[in-house]
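What follows is a set of structures to go through.
Below are two complexes that have chain A in common, paired first with chain B and then with chain C.
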Partner chain A sequence: MSRPPGRKQENNKISRELFVLTYGALVAQLCKDYEKDEDVNTCLERMGYGIGVRLIDDFLARSAVKKCHSYSQTADMIAQVAFKMYLGVTPSVSCSSAAGNEFSLILDKNPLVDFVEELPAERASLCYCNLLCGVIRGALEMVHLAAEVTFLQDRLKGDAVTEIGITFLRKPEERKHKR
Partner chain B sequence: VGHAVLAINGAEVNGRFTADGKDVLEFLGNPANYPVSIRFGRHRLSSNEKLMLASMFHSLFAIGSQLSPEVGSSGIEMLETDTFKLHCFQTLTGIKFMVLADPRQAGIDALLRKIYEIYSDFALKNPFYSLEMPIRCELFDQNLKLALEVAEKAGPFGPGS
Partner chain C sequence: AAEQGEGENGRCTTKLESMGFRVGQGLIERFTKDTARFKDELDIMKFICKDFWTTVFKKQIDNLRTNHQGIYVLQDNKFRLLTQMSAGKQYLEHAPKYLAFTCGLIRGGLSNLGIKSIVTAEVSSMPACKFQVMIQKI
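Presenting the complex of A and B:
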């Protein structure tokens, strides 16, 4: 949270319940607005993207991390630093392709679904946490890494674990044109 | 000698007039207004000049990082002249923060990082701010001003002296 300079560091944490409820309200409203699950998923992803492109600078400014030199380093950074910083959880990372550009993040705990047991029958293909996929995609794009981020498995849909897949799309080229 | 009056008794001065329309020379000429505190400094750049400076520097920066004999150069970090130093900090997202300062001023690196924090807080977290547009956020301006004041007061030895 932002810290105004010159003032004592106030405890800027807000309630986790409020956050989880807010996210739930967001998804519920989208479900009312859109009939098809795909539309809700797309909308969540797009919102997440808008958050990701802004969140990345906050992440870089606060964590003062150095540039990553490989996809694997980047995936580790996302799981071990970013997830920890923003959601308080640390997913485990594994590389799932020989080419070295596909990774999985396995989420043991996911605060967003604290109060959700399973999806209702009529919303069977809803990706409840699709916002997270958008956030990751947006953030990566701002550091010039194109990626596809989707939920490969979802506990809410009955799978054993919740797994987010990140596929980096292009080899990072020589940065010829810095923005 | 290239310096201009920036403020009188704390109120900012624009050219010959103060913010509330008083004529500076008139004010200074009237002994009834003494004692008066005057702040001098180099001319503030106009918005146009700032834009020109930024676009020119952006190109120089790109050329500089290409020409650099070091592989993977991070570009121009500092430009030093007799009268000023230009410090540049480029984030991993490609945003450049530039500070024009007195050559003897220390602590600019810390200031640049602080400005990055202020940007990520008050500009990026403002939902009504669109990326890549000029920043017209009150809170951003206020906090930036505070950070600059802290850095200026610290003087040639950096904050904490």
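Presenting the complex of A and C:
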């Protein structure tokens, strides 16, 4: 939704409303296509994955970031650079395991739910923004980091905050190439 | 099997079109909250070609033609959803999938402005395309 400064700003920012309404239409269509919440969630995650494996190239090209040397750096990168670049928000990051491979992103603001007040009663288990989990998972996979990404808490479901959990699945020592 | 494929394709484009319709309705609602009433049908179509297209695609429609009897042809010479694809014939058959949502967008926008229409699109050479709007007199 935005470009780094120093480049022509106008042409590559999508209208926020168009983006948010389109996402809503996508979720609504999936709800028509699938009866079960779990199926919609899976579909959203899979679509997100397809986006993530390509988005990473755009991210790396535009952000010109240096290689991350730890899971913690990676999580920070996702929250502070990627989320900012594509959604204009910066979730706060915290490490939630002693092992150093589990992280939690708290989304204070989330443009995707701009027009969503609450989930319909019959869709109580819907992970409305599950696409984001797939995007993160797909992008990480392309930089050789396997991860599980899920919504741990969701304000739309009545939780206090919206929290995305990222669990990196392999310890750094197990990686073949150490730089 | 080819027919099945076509049926599937047709269902997909129908779904995309109806998604576009919903979004078009929502967008127009937000755009025109504070604008004055439109003079006539042509005024509305010009709005679609200029303001609406600019908000959505960051550019205006390049050419608007009409027979003044309810048919409008909107030409975009560099349609933003097609510019990332090879300009030759290679992906021409897939272009309709990338146009369906936008057809719905136009139809939905017009619908909320009180105009019932049928919107179709065609690509003769990438990335140029034409959207044909047929106003339905109720």
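In this text, the second predicted complex is superposed on the first by the 159 of 179 C-alpha atoms of A that agree within 3 Å, B and C clash if a C-alpha of one lies under 4 Å from a C-alpha of the other, contacts with A are read in each partner's own complex, and residues count from 1 in each chain.
Going forward, a residue touches a chain if its C-beta (ideal position, glycine included) is under 8 Å from a C-beta of that chain, and two chains touch if they have at least 3 such contacts.
Fair warning: this is a prediction, and the values are worked out from it, not measured in the lab.
J.: Which of the two partners, first being chain B and second being chain C, lies in contact with A:Q29: first, second, both, or neither?
T.: In the superposed model, A:Q29 contacts chain C only, not chain B.
J.: First (chain B), second (chain C), both or neither: which does A:P120 touch?
T.: In the superposed model, A:P120 contacts neither chain B nor chain C.
J.: Who does A:L21 touch here: chain B (first), chain C (second), both, or neither?
T.: second
J.: Once the structures are superposed on A, label A:V53 by its partner contacts, choosing first (chain B), second (chain C), both or neither.
T.: A:V53 contacts chain B only, not chain C.
J.: More chain A residues touched by chain B or by chain C?
T.: Partner with more touched residues of chain A: B.
J.: In their complex, what parts of chain C are in touch with chain A?
T.: Those residues of chain C that touch chain A are 15, 18-20, 22-23, 26-27, 30, 55-56, 58, 101.
J.: Considering the complex alone, what residue numbers of chain A touch chain B?
T.: Result: residues 2, 4-6, 53-54, 56-58, 60-62, 64, 67, 142-144, 176-179 of chain A touch chain B.
J.: Spell out the residues on chain B that touch chain A in their complex, using ranges where they run on.
T.: The contact residues of chain B facing chain A are 61-62, 65-66, 75, 90-95, 113-114, 116-117, 119-122, 124-125, 131, 143, 146-147, 150.
J.: Show me the residue ranges of chain A that touch chain C in the complex, using the header's touch definition.
T.: Answer in residue numbers: 10-11, 15, 17-18, 21-22, 24-26, 28-29, 33, 115.
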